[in-house]
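One chain, subunit A, appears in both complexes that follow, with subunit B as partner in the first and subunit C in the second.
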Partner chain A sequence: MLTILFDGIAYGMLLFVLACGLAVTLGLMNFVNLAHGAFAMAGGYVTAVLMNRYGMPFLATLPLAFIVPALAGLVLERTLYRQLYARSHLDQVLFSIGLVFMAVAAVDYAMGSQQQLIQLPSWLQGRVDLFGIQVGLYRSFIIAVCGILVVALQLVLTRTRFGSRLRAAVDDPRVARGLGINVSLIFAATFAVGSGLAGLGGALGAEILGLDPTFPLKFMIYFLIVVTVGGTTSITGPFLASLILGIADVAGKYYVPSLGAFVIYTLMIVVLILRPQGLFARAR
Partner chain B sequence: MTDFVRRSLVRKGRWGVAEIAFWAVAAATLFFLPERHLILNEIAIIGLFAVSLDLILGYAGIVSLGHAAFFGLGAYAAGIVAKHGWTDPLLGLAAAAVAAAFLGFVTSFLVLRGTDLTKLMVTLGVALLLGEIANQASWLTGGADGLQGITMGPVLGRFEFDIFGTTAYAYSLTVAFVLFVIARRIVVSPFGLSLRSIRDNPLRARAVGIPVNRRLVAVYTLAAAYAGVAGGLLAQTTQFVSLDVLAFHRSADIMLVLVIGGVGYLYGGLLGAIGFKVLQDILSAWTPQYWQFWIGLILVVLVLVGRERLTGSIKALRPRPKAQPAEQAQALPATTAREV
Partner chain C sequence: MRRRTVLSAAGAALAMLALGGAASAQEAMRIGLILPMTGPFASTGRQIEAAVKLYMQQNGDTVAGKKVQLIVKDDTGVADVTKRLAQELIVNDKVGVIAGFGLTPLALAPAPLATQAKVPAVVMAAATATITEASPYIVRTSFTLPQATVPLAEWASANGIKKVVTLVSDYGPGIDAEKAFSGAFSAKGGQVESLRVPLANPDFSPFLQKVADAKPDALFVFVPSGVGAQFMKQFVERGLDKSGIKLIGPGDVTDDDILNGMGDVALGAITTQHYSTAHDSPENKAFVEAFKKANNGMRPNFMAVGGYDGMHLIYEGLKKTGGAGGEALITAMKGLSWTSPRGPVAIDPQTRDIVQNIYVRKVERVNGELYNVEFATIPNVKDPVKAAKSN
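Showing the complex of A and B:
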């Protein structure tokens, strides 16, 4: 029971790191970016390739799993995404679905369609018994890393100059520009960091979620649920939503495996009917 | 309804030469392209499906990422009734339409709430949920193996389905044509006009006394029935249904079809179906495994270039009916400039 709770929390934390970039672009900047999973996949593949082909240790690959998708995100934002901020949601959806199709086919072409396996270092394998709970070492590692990221992210957003500029830019780009804030630079940096975090999440999650070219399609729905259920006005909403989602998913798969993904989809639909703005959204 | 509105609706309702030519060519393919009937059949079905999406997206402005829910439900409904002895194709289509319309009616209330994003997620969620159900209820749907052993009776008791797909294509084309004519009639009716006003500005539509929610429920249900019939046609003519009919890529593909052809006028769906299928045929012959890459690229380019430009050029080709000077003077640019 507690083990399931623990696994659910780890899973939820992982989902949050994967989805928090989307929480910013979709939630704050109001851009429906279905291609977010592609950046996560990129991070996963960076780790898998570096470990399996070049024998780099797992931990050493993680910074690169952040940097490569972040750079990719930066380039794409500067060249393509930027032109679509003001367009309709339909255009954004079409554009990002197009990117997903391209990413899936390109990775399939370059890496093959088989599942990528990564070998965790031995000190992250196995479980220990802690007060009668079976605690997976890798999962505690994930909780630690993601927990630090969550706190750091929240501090950056609420306590730093950059955070307040970002919030200003999001709330009213015109006024922010008038105040001398470089809005487009802030958006680019935010998008890059979001993509990088997705990549890091992809790398951390490769072992738990699996990694193959269909990754962006398979998990797209999870990221979207996290953001829509969590509400799009804050970062804590998506965080709580990912925890709920992670625990519900793990518990559902454990206790009633025959229901499969029912639990998640139903949960989302019910929440959206009751609270179309999301579970933790402040009334606007 | 003022006299002006009535006259402009009647004018729009008239069939143009290009439209008649379009359907004449479609009918001619029955006789002149016998070796292509299988793919033409698919085009007719996809075209009908795209018209259905256009009704809600192009005319009512509802963004849906889960339109495959209705397509798939229709396919399963038609397949299941055929498997259990109801082999008459038209009865099967009726079952598909009723089942999908029912689901459309029930879920339409979910779509009324919230922003574009909420709509996207709820429609997507409904499709995914249905996909899970179809997967789990293998006693009914065959689960991951698909629904096998569908046998269809002859159409109208006379025309047997053949292996070349000729009957299938004639059947699908006829159904698509009949439903298209109805849809065309609907969008040039006052009802259709009110939908467009809702799409352009729901708040103002409500202010002038249009019952926005009731209209949206009606059109969503109608579009669901259309999609169900399209799915039913697929199940009947291929005699097989798999989980694929409910998959996400179906919803995405049909959006692409519509966008290629142009959103907001009914021929967009049909032209898009032809374009999409031909494209897919060429690409998958060229790179069998990676054709999706090029489909994705086309989508991205389409959006960046501006999809209005593409459909604008198609519309510019069509001769515009000459309006009376007096009418032109009072013509409202936003609503009258849009073609059927």
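Showing the complex of A and C:
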């Protein structure tokens, strides 16, 4: 049943790419951004439009699926989001859920409500037999992309000057400013990267999850589960949480299909009872 | 003196206007069309609206001496809104017919209003078998799920398929499809195993792996049409198409509206339904051509033909009654038969449901585009659920 394990890992990795942007904004910047899915959707639509209307190859659209939502995130952060950093979480939730509905309506108006379908290049389709395990090529591709992302994000956060400045800016913005750190610039950059990661996740997920204007609402619950279970203070937390949830969801649906989607929720409840701050978080 | 003539002339003119206004209001026949024009089911609404408008454009807007006026309302796919809109249409706009109804709950919500106000309701899309039983004023021109599914079970068992796994979305129509298929297929001596997938399910991989391990002759699938494309892709990604498992199901999964976008993964899927854009008849060729011309190249699908025939039913009913609505109209509609773009159809006078041919089709590439190509016909199928009840 290694195939199930493999599918579960791939699904978990996809969840991680989708949710890690949220882990960055919610976890590191302590901003409840429910509009995260809207940025993911933006990335998906960038890929779908470039492929279907302009005939660009799939891989070439991926950088743009990162850059366009990142720029959108930057603009929105500068104009709207920064006003809300100091506000209560309730205000942030109301504001960002409003953005979601606006995004859904705007995409519905501009692109229509039908599913956007993309055609993967033939070398990413199908599956190969690897030591007796049936391995889907596209799923392997997702695992590879995600692996690179985790390592890169972890290195940036722990080993670079930017990472330590970001952590300082989050923990105590006043003192960080006093030390000459440009907090608002760092927040803007982080927010843009988080949005870009969401966009990349949306582009990668379009093939497996589907893409239509209700995307941000449909998958909001999954992002939130990943971040809640993983805890919000690191990247490794959400990463391991995605893996566990992905594998549990796929295995649960395979072995006990009558329970359907409940496995993932049960797991979330158990984790939250045992560790209310998330799997890998220190208490605040 | 002069002033008085002016006044009386003005009075007369006013009276004329009022009378004229009342007379034309009486003569107009208003039809309220309630459809999901926005939201997740907007494609249903757009197809039906386009077909209804096409029908009116082709057949004029005067029937039996009355002007037909169409009022289109958007219920966004929410049953409460459908009910409210139906009430407004009946009470304020005094419509003679309400029509449309994209989904089962949307068709059931206004049923008591139709009964109370004696206003016929023409269901052009919703496909749960029991809908026509909700009110004696409901008549349907779309189809019922069992109507498309039971013939498939019979076709499958007649064509050497012995073991089938059914995979359906876990909601009303999905469970209907599963029951209709399993019942008919096991009655013919077939073996069935059932899987239900949560409606909001991002990844089909565990379910498909289970199917691969069960090694059936065929996989029966019913999922909402938008999700169908996702499903087909994963079916092929898993290599199930090459392992000799046939993909069968009612036609929703290969909806003509999105079939072309699915690409080659859809090739070879066998489905049963009452309408295909590729249906080979002069009526359908003319319909498809006119529809595409009027709608920027959009293909008509099974929803569009339901709308087109629904309008035809209303027009013919009005002709028969000389333009009267209500009780007379619904009585006139019962038993009507005509040749639709989908083939010969009739309204069953007992159940007010449509009787029509069901076609077995296979997805093929024709002139570079993907179509559901029909290769077998099961003639004059009545809704099996109601047929079983009356026996």
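To be clear about the criterion, the second predicted complex is superposed on the first by the 282 of 284 C-alpha atoms of A that agree within 3 Å, B and C clash if a C-alpha of one lies under 4 Å from a C-alpha of the other, contacts with A are read in each partner's own complex, and residues count from 1 in each chain.
Operating definition for what follows: a residue touches a chain if its C-beta (ideal position, glycine included) is under 8 Å from a C-beta of that chain, and two chains touch if they have at least 3 such contacts.
From a predicted model like this one, the values you see are computed outputs, not experimental measurements.
In the superposition on chain A, A:Pro121 makes contact with neither subunit B nor subunit C. Contacts of A:Pro57 after superposition: neither subunit B nor subunit C is touched. In the superposition on chain A, A:Ala261 contacts both subunit B and subunit C. Residue contacts after overlaying the shared chain place A:Gly136 against subunit C, while subunit B stays out of touching range.
When the two complexes are overlaid on their common chain A, residue A:Gly112 makes contact with subunit C while staying clear of subunit B. After overlaying the two complexes on the shared chain, residue contacts for A:Gly210 are found with subunit C alone; subunit B is out of touch.
When the shared chain is aligned, subunit B comes close enough to touch A:Phe101, but subunit C does not. Residues 108, 258, 260-261 of subunit A lie at the contact with subunit B in one complex and at the contact with subunit C in the other. Partner subunit A is touched in their complex by these residues of subunit C: 38-43, 170, 195-198, 200-203, 205-207, 209-210, 226-227, 229-230, 233-234, 236-239, 257-258, 261-263. Looking at the complex, you find that subunit A touches subunit B at residues 26, 32, 80, 83-84, 87, 89-91, 93-95, 97-106, 108-109, 217, 221, 224-225, 228, 232, 258-262, 265-266, 268-269, 272-273, 276-277. The part of subunit A that touches subunit C in the complex is made up of residues 3-4, 7, 11, 108, 112-115, 117, 119, 125-127, 134, 136, 138, 207-210, 212, 214, 218-219, 222, 249-254, 257-258, 260-261. The part of subunit B that touches subunit A in the complex is made up of residues 57, 63, 65, 110, 113-118, 120-122, 124-126, 128-129, 132, 135-136, 248-249, 252, 255-256, 259, 263, 289-293, 295-300, 302-304, 307.
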